[in-house]
Structures are given as C-alpha cells and as structure tokens.
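First chain written, first letter: the chains are A, B, C and D, and each begins at residue 1.
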Amino acid sequence: MNKNKKIKAGVVGATGFTGQMLVRILSSHPSVELVYLSSRTYRPVDYSELHPQFKGIVDIPCEPFHLKKASQKCDVVFLALPHMVSMTVAGKFLNAGKKVIDLAADYRVKDSSLYRKYFGKSHIDKKNLKVAVYGLPEFSRKQIATAALLANPGCYPTSVLLALIPLLKEKKIEPEVIVSSVSSITGAGRKAKLEYHYSNIAGNIWAYKPFSHQHVPEMLECLKLLTRQKVSLTFIPHVAPVDGIYSTISVRCKRKMTVSGFLNIYKKYYVNAPFVRFKDVPAQLKNVTGTNFCEIGVNVSADGAKGVVTSCIDNLIKGAAGSAVQNMNIMFGLDETEGLI
Amino acid sequence: MNKNKKIKAGVVGATGFTGQMLVRILSSHPSVELVYLSSRTYRPVDYSELHPQFKGIVDIPCEPFHLKKASQKCDVVFLALPHMVSMTVAGKFLNAGKKVIDLAADYRVKDSSLYRKYFGKSHIDKKNLKVAVYGLPEFSRKQIATAALLANPGCYPTSVLLALIPLLKEKKIEPEVIVSSVSSITGAGRKAKLEYHYSNIAGNIWAYKPFSHQHVPEMLECLKLLTRQKVSLTFIPHVAPVDGIYSTISVRCKRKMTVSGFLNIYKKYYVNAPFVRFKDVPAQLKNVTGTNFCEIGVNVSADGAKGVVTSCIDNLIKGAAGSAVQNMNIMFGLDETEGLI
Amino acid sequence: MNKNKKIKAGVVGATGFTGQMLVRILSSHPSVELVYLSSRTYRPVDYSELHPQFKGIVDIPCEPFHLKKASQKCDVVFLALPHMVSMTVAGKFLNAGKKVIDLAADYRVKDSSLYRKYFGKSHIDKKNLKVAVYGLPEFSRKQIATAALLANPGCYPTSVLLALIPLLKEKKIEPEVIVSSVSSITGAGRKAKLEYHYSNIAGNIWAYKPFSHQHVPEMLECLKLLTRQKVSLTFIPHVAPVDGIYSTISVRCKRKMTVSGFLNIYKKYYVNAPFVRFKDVPAQLKNVTGTNFCEIGVNVSADGAKGVVTSCIDNLIKGAAGSAVQNMNIMFGLDETEGLI
Amino acid sequence: MNKNKKIKAGVVGATGFTGQMLVRILSSHPSVELVYLSSRTYRPVDYSELHPQFKGIVDIPCEPFHLKKASQKCDVVFLALPHMVSMTVAGKFLNAGKKVIDLAADYRVKDSSLYRKYFGKSHIDKKNLKVAVYGLPEFSRKQIATAALLANPGCYPTSVLLALIPLLKEKKIEPEVIVSSVSSITGAGRKAKLEYHYSNIAGNIWAYKPFSHQHVPEMLECLKLLTRQKVSLTFIPHVAPVDGIYSTISVRCKRKMTVSGFLNIYKKYYVNAPFVRFKDVPAQLKNVTGTNFCEIGVNVSADGAKGVVTSCIDNLIKGAAGSAVQNMNIMFGLDETEGLI
C-alpha cells in the first residue's frame, strides 16, 4: 500500500502490556503507519529504548502525551490508558475529528451510575458514553463500521460473551450461568507490585473478587442488549501462570441438548467470524496464545441436561490489542483479518 | 526413638511422583524406618541412582516387587501403584498381617460395579473392598485408627470433600454444586507422553473429562455416606502449570448466609484438624504448596444467596503421600502431625 | 501478490517444533503459498487436526511423505527432518529441479568423516554435501542467493557465530573462547520422553555434553572458513525453562579493548543486517523471543583485557525456521525481512 | 527435647525470602524454639497474617525490631537484613552475649575497604568484622564451633567455593577460572520491581554485572585464605526462572586429568560433608531444590586438559537459610544435619 494512503495510527499509553501489544501488531500491519506513541510516565525517548525488543522494528519516539500533536498526526488513536483516564481525553480527539478506540472500561457500560461503584469515580463524559459503540466485532460489525468512538470489550467479557450469546439468543440454556475464568497476570496491568513478583505467580493460582469484578456489569449489559434476557451470572476470576484467559462456563439446558446441537448454533452465528473456532472437546489455551482467535469447546452431560462450555483467548490480543485492531479494520473498511493472525 | 521401635515401612511403586513424595516424607519421619522400596519397571538398583535427589538421604535399593520379601521386612506397606494394580496385591499383605495404605483408587468406592465403568476392569478383591476404610482423617479418625486396609482419598476429592462436608452436614447449602478444579500435571502420573511435554504445559490450561472423571463416584459416595444427602455434582477438572490442586466450588445457600456463618461451621468441624485452615478471602495455592495443609476460602454474594468456596492442597502431599502418612500416624497411634509440615 | 506468482513452498516434517514454526511463518508470508505438508508419523489428515492452533489459519492436509507429489507441487522444500534423514531425500528434490532448505545437520559440515562420530551414521550424499551452501545470511548472502541446496545453521551456532565472527576477523580476541549456552528444551525435538516432562523442566537447569556436542564441529568449521583461524572452543550447552537460546561467551582481548571498540566492529559488520542488534549491556532473551532477531551484548573488564559477549535468539525462529525463511527470501530475490519480524 | 533446653532463636528481617526460609526451617527444627521475629517494614502482627502459608505452623507475632526485647528472648539471632544494615545491630547483640548469624554480606570480607566499592557505604563495625568467622561449614567447622559472630557465605560463593577449593588446594587446576552462574530471581530479594514481574522472568534469561558482582571479592578472599593462591576469576551471573543457583565452572588442568581423578579429590575433602555430593555427569538443579545439598558434577575433555565443573544449590537453603542453620548446629554442638534435609 502506498505509504501516503496508510492509516496513521497512534497509541496513547504505549508502554503497558496492552500498549506494547498494540505497537507490535500495528507496526507490522500492512495498511497502518504507526506515527505517534505516548506514555504518561516517561520522558521523550526512543520507544525501543524503553522496550528493547522493538529495536529495529519500531523506530519512533515515545513522548509525553500532547493532545494537539497526537491529533495532528493521527487518523485513529488507540487509548491504552488506565480505567477512568480515557474519558478525560477521548472527547477531545473526537472533537478534532479523529477516530478513537478505547481499550479501557470507560465507554463500555451505558449505565453511567455503575462507574462510581466499580471504579470509584463518576463518569465525566456522559455525552460520548451515549454514542460510543461497544465493539464486539462478531455481533456489531455494522455499528462498528461507522463508529467514531469504539469501546473495545474487556478480556474476560470477550471470552464469555462469544460463548454465551448464541446459546442465549437461541434460548437453549437457562439464563443462569456460572463462570470460572483463569487469567494471566498481565491482565492486571504492568505495575511494580509484590503480588506480581515472579515467585508469587509461578506455580500459584488464586481466585479474586468472586462476586464483585468490574467486568460483570459489562457482561450483563451486553447480554441484555443482545439477547433480550436478564442473565444471572456468577463470575469467579482467577490469576495463574497461563498465557491468556480460559473461561469455563457451566450451563443448564432448557431442553435436552447434544454437543452437535450446540455446535450447530455456533456454526450459524460464526460462519463469517474469521477468529472464532469451536469444537466438541474442551478448548485449550495454547491453541490461541499469540493469536486473535477465540476457541470454544463444548461438552454435554450424558442426560443432555447440563453443558460445560470452555472458551479461551489470548488476553492481550483477542482480549485487547488484537480485537482493537480487528475493530479498526472494520472502521476503516479493511478486511477484518488484516494484520492479524 | 529407638530404631528397633520404629515402624518399618515399605513403598511399592516408589518411582512415580507419589512414590517419590512418600519416600521423601517417610525418610525424614522420626518414627519410621524406610526398609523396602520396589518398582515394577526397573531392575534392582540404588534408589538414589534412579532419583539422584535422594543421594545421601535414602540409601536403600529399589527392587523388583517381591511379596514375601516386602512382607517380611515391613509393618506397613504403602501401595503407590497404578489404579487396578493395587487390588492384586493388597489382600496378600493383609493375609500376612501387614497394614496396607493404598494410594490408588482400588478400595475407595464401595460400589464395585463402578470400577468397570471408570477404570475398565472388574474389581477382583471385593472381600477387602468391603472392609477397607476410606481414610479422610478429618472425618474418620476412629475407623482409621483400627483399619488394616486404608483407602487413601483421591487428590481432587480431598480438596472438594473438606470444603463441602461441613456445609452439607449443617444443611446450609443446596445439595447441588458446581466444582471447577485446576491441577498440576503430576496428578496424571509420571509417564513419557507428548501431552506432558514442558512446551505443552507451560502457559497452557485446558479442561478434561467434564462429566466423566473417575473421582466423581468417589466424591458422591463419600458425600452420601457422611452427609446423608444425594448430591448433584458438576465436576470440571483442568490441567495447568500450578503446584497443587485448586478447587473453586459454587454453591447456593438454603437460607441467607454470611461469610462468618460459613467460617463458624468450619471452625466447629475443624477445631481439632491440624491441617485444615480457613479464611474470609479466597484460598491461595502457594500457601499450601510443599505442605500437608488444606486451605479453604469463603466468599458470599451481597444478598447472601450464593457462596464461592475455594479449597486447595498440594496434590502430592495432602492429596496423596502426606495424607497417607497422616493416616499411618493415626493407624499407629502417633501424633497425627508427626513427620509432616 | 498475485497468487500465481507466489512461491510454492512445502514442509517435509511439518509436525515437529521446527516444522510447526515453519508452517506458522510461511502461512502468513505475503509472497508464499504453502502447498504441501508431510510427516513421517501420521496418516493423511488435516494439519489443523494435528495442531489445532492452526484451525482457520492453515487448511491443507498433512500427508505421508511422497517425493513425486511434493516435487510436483513445490518450488522450494523445507526439510525439518531428524538428522541423517534429510540426506536421504534432499538429492531427489535437487534432481527434480527444486530448491531445498535443510534444517537438519546433514549438509552443514563439509568434512564428511565427522558425521559418523557425531550422528552415528556415514554420510550417503557426499556429492551434494560438497555444493551445499551453509546459510548464515549475515555472512553469505551472495552464495545463498544462488544456492540450490541450503544448509540452515544450527541454533547454538547461529547465536555463537554472529557474536564471534566479527571479533575474530578483526583479530581483536584470542582464538580461544569459552561458551556457556542455555537453551529451551524445544531444541531437543518434539519427543515423548520423561526427561522432557513439565515437572522435570520447570525450575530446573542442567549442563549436557560439555565437550562433545554435535554443534561444535559446525562452529569450528564455519569459524575457520570465515575467519581463517583455528579456534579453540569450550562449548557447554544447558537446558532450562527459557524461550530461546542464550550464549555467554568469555573472550580474552589481544590488546586492551573497550565496549565501544567492540560495538564499532559489530556496526561495521552488521550495518546492513536487519536482524542483528547489539548494545553495551548484556543481551536479554525476552527481547528476541518470538522474533527473528539476534541480540548481542558487550561487557569488558575494567582493564580492557577480558570481554563477555552475550548473544541470544529464539531457537525456533532465528535458530531454525526464521533464518530458513530469511534464506528463502534471499534465494528467491525477495526482501530479506519479508514475512519476518 | 525438653522445651526449656531448646535453643531460643530469633530472626531479624523475617519477611524477606531468606527470612521466610529461616522461619520455615527453624520452626520444624527439633532443637530450636522460634521465639522472636521482626521486620523493619510492618507493624506488629501475626507472622502468619503476613505470610499465610505459616498459619497453623508459626503462631508468634512479627514485631518492629526492638534490640532489648530480641536480646532478652534469644540465644541466637539470625540477621536476614539488607546488606550494610546488619553491621548496625550485630555488635549490640554480641555485647549482650548473644550469638549472631549474619546472612548479609556485612561480615564476610575482611578487607573493609571493599565495602564502599561494592555496597556504597563504609564499614562501621570493623572491630567485629575482624573476629567474625566466615562460615563455610565444609572447611571451617572448628572455627564455626566457637564463633560468636558468624558471617554466612553468599549464595553464588557457596556454589563456586565448594567446587573450586579442593581442586585448587590439590594444585590440579590453573588458578584462572571462568564461572557462568544462573540464579533464581529470589536471590535479588523480595522487592516490588517491574524487573521482577512474572512476565519479565518467565522464559527469560539475562546476564548482569559480568565483571563487577559484589560476590567476587568474597570468593577471591576465601580462595586466597583457604588455598593460598591468588585466583583470576571471571564471574558472570545470570537471572532465569530456575529454583536455585547453577554454576558452570571452566577450568584448565595443570596436568592431564581424568574424571575419576577429580572425583577422588572431592571424596578426600568431602568424606565427612553430609551435604555435598559429586558425580561423573553434570549436576542437575532439581536434585538439590528444596534441600541443603550442594551437587557437583565433573566432566573432562578427551585430552584431559580442560574440565567443566558444575555445582548447584538451592539459593535460599544451602545458599542462605539452610547453611545458616547448619552453622547454628555446629555452633551449638548439635549434629550438623539436624533439622535439615
């Protein structure tokens, strides 16, 4: 592609785990030119000096955030900022006529009252919250295509929603599910904490926030919107030394079901979804690590009354940077898979 | 302790993961003399040549199994054999007047018809199956104390039963639970398989046998026996690079419950259990790795209607060799904690 | 690129670690069409059934090896076969006018007498051994460009040679070096062995073959050819749970040296090498994992008399599949970096 | 042992990695009563609240450091403090007639001028530095037995010195060695740093301080003292995800040597050393992880001119807490192995 025709992309918050993955994917995307990188924590410096794995791959600087500079350079801005920080800048980019893809939680949930409860702060950009498009590509391609502000789904929600939406829409399962998810510690962000020390993660696993994780309202709202059902969701996230997210979903069937019954539903919904695969054995995380795929596995009890659906993604790719680029592809009329594996 | 007064112990199947852990614990047990080690797969050889980590610690040979020799030497024999092999030798040791602690599944489930279904073979020692004592020390000390044949509980069952029995006995939860467990690959035994290759386990996680794991009947039978309830159990085991077993148990409360309500029940049942601890936050695997402890964590939903109980153990210690030694301590009138951490 | 113009590539031995990495890289290479996959061990079957991570990415079958079929389909054949097997088929592909890139050791060392010593078999294709080009791209682009049979360098040699050749050619160090290398277990091939069991690799490290590794003659011959020096090499490989190869090279300087003196030499030799980077601190494996880069770090003692050069690569990419594709790019007149990160 | 006769032990700095390991070992030591734990960073609190893995095992509080209280309670004090902090308190315990075992570097090197260079501070307790005993039990049992202030050796030095001292004393190797060591990140202490984040350690390895590690003077001084030789040492430490320290030592033989020649020397020196084992193949870290053993492996080149000696320990046990307890055993006239595996 002619360099002048390339999409000019910037990453605000380029030094976190998600930011780095965005840089990695965007830097080898055939239709993108990466033109702007910023970070709140560092002085202007070669990005590859901060992250030496990019030396010879990404040769632009990482700068302190500067709205005007970013706006002038970019056609699209990826916000890989901490929760409740994106909402302080997204509107300004929109006002400058730029497309914004937000990877934080700031524009995912329409009910603005929930932000205080889950993130401790009131929402300060309710106007744009209203128009933001929740970008689960497999279910909202049309809206994504014309979105100016794209709220990229959370990592846990992506793994859970892709497994549940078809089953609920087809009314095959009771709207009461129990989800046990296991995630890489990278999901918690790149911070210096004793809890994230190698010696605390290697060989370890623990549950956290069993009834209060901030992704629950996101899942419930999306399920309600897309399936017209109020779902009862017990969500139990865990941290372990794994390379992605693995969700194990326990469901009860409304009527006797078979594995192929489940798979036929997925086939119907995902025939045109290039990044969703499904199978009649449990999913396996290794199969998606390093890719933008979601793998779904189905098992059903002998009496057809209960199902176990396993669903996994690479939390930094399909759970963040990969799906953000997938959304960008749709927003800019490119092939949905471009630059992604 | 006078060496002549020490319990003479042998391990049949001493080279597997469980066998090695038994050797490690027994070799430093103050009241035990380790006098016999055998293995089906190797010629007579110094045990520390097979497992060099024992050089200078265990200086006896590992021999091809020889019933008479083992009987003459040992007061108690630990069988760390593959499932359905223990039942070919346990009776013979009993006939010779020896105590037997079986770490396989052969004597755990009283309903002999289930062995064909879950292990592919008919039970050939139904007589001793009848008298075998299922050795969950926290609930059967009296029977264990006089047992000749001790069926040591499975690893998953130990983690699940210790969490569930008190809650069910007190009728605080519905007898319908969903258990998602994550285990070390050592639980599958020491075998040369591509599936167990380092590159297939590191960073990976997957569910297996979601409705058909061989530990389900063991759990159901024990729950029925001890709680007088028929429990509906959805059990979903996983493999991941963790050092033990972590079970996440989703329950519904019969009446509104609180965390302290749960903890008071555990306190009542485990006040004299030296290896069970419980707390008002999720359990954490690292806290029990390398020990004989079971750690139980309790969380309750805001409305008091649902609970998440997390329970973890070192699968080779409290889930196998450690509980076997705990049982031996009880069988021989020693302090239950002797030789264990 | 027009599909008809794409290079038709095949992988013989597509199911091993190197084979899988070749499939991964070739399947997303803009100028390559992957047309043939074979394996000695499996029946004809969808490749993505053997390796489910490729479902939706690679949709061709993996077949039992068939020379004629492979020849008809392919312009270039990658041989990812066990050592001493490549030499049984390479000549036949050459006779059919195909380009061959061999990732085994079979055509790396010109002195055919060494194969019996290091691999236990006599070389049976000495004719082609003579004409094969040892494909270290950074030093042999011209010969590679016209090669019909390309001997792809070994993983350890790549890390060591890129670090040493410039220093020896410039006569800055004594031709007597001590190399301690640490490698991922994937370097040993995808085999079901107890030694490769997760529980034997996690947290472990050990040296092996300290004076007799099969890569030593390859390094010595290449060093002699390219630097005209007979080098004394103590090579001590290790296995550890790391994602690549890390070589720590201890050298003595002929005259007082500085870090920048070393770096200037590397700059001279690698100014046009897109996949070699160098720096004044020790190399770090994470910086190259998942890429085709070699990272070289330089430290010098205070008195300028001794140097420590650290050099690392992803053993399956720059140490195998990546450099093979880099070589293919050169052989077919493409940009050296195409399809590679 | 009668509780009143038990050695009353305290750990100052009980919350770091070394402190925790000391607590673990001392709490199950048959002749020790753990009576005092302190930490600079936390308020008075149950130790098991800070480190829940000790709940039910260690039931005493961890207090802010209080010299008088510690002195009154303890017979022996283990200082697991940061370097250059021990020297501010050791003397006070000595004045109170207590035995002190220091696990920091403060009393290891007699040449007080080196502390400023390597630790950035002048030594402030030169009087006690003079009388401190460097406690390598295998070579200084007599001095250790009567020591009041014991300087416990560093982790790297322990692995290197045990391998080198016998060979140098017997004048079998040139006094010029190259050591490449790989260590667990726990050796760097328990700190919240991005560098120690799980995602930066898993799969990674890097060298650091190749010519300037603070353990070099410790090794050189000890070698000089014990072997009467000035040794030229190139020491290259690395960090990797391994459970201990593995040192690979490259030596040149003064005269032609054989493997058994080396092993006979080790046999001579270590016949009465319960925690040193040696063998004719490379050492393997797994063999010593979790134990107080040092395993030494010997390989010799075909011409008998060069040797590779591999030596490994658990860095927190034989490299710190274990050897400290071994030293305590000697200081109090106990069996050297008591309480240790």
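Operating definition for what follows: a residue touches a chain if its C-beta (ideal position, glycine included) is under 8 Å from a C-beta of that chain, and two chains touch if they have at least 3 such contacts.
Only a predicted model underlies this, so the values are computations on that prediction, with no experimental measurement involved.
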item: Fewest touching-chain hops separating subunit B from subunit D; value: 1
item: For subunit C, the least number of touch steps when starting out from subunit A; value: 1
item: Most remote chain, CA-based centroid, reference being subunit B; value: C
item: Where subunit A and subunit B are represented by their mean Cα positions, the distance between them in whole Å; value: 40
item: Geometric centre distance via CA averages, subunit D-subunit A, whole Å; value: 46
item: Shared-contact residues (touching 2 or more other chains) in subunit C; value: 200, 202-203, 241, 284, 286, 289
item: Of subunit A, residues touching subunit C in the complex; value: 24, 28, 30, 52-53, 55-57, 202-203, 274-275, 277, 279, 284, 286-291, 293, 295, 341
item: Subunit B - residues contacting subunit A, complex; value: 178, 180, 182, 200, 203-208, 210-211, 234, 236, 238, 240-244, 246, 248, 250, 282-286, 289, 297, 299-302, 306, 308, 310, 312
item: Complex contact set, residues of subunit A against subunit D; value: 17, 184-186, 190-194, 196-202, 241
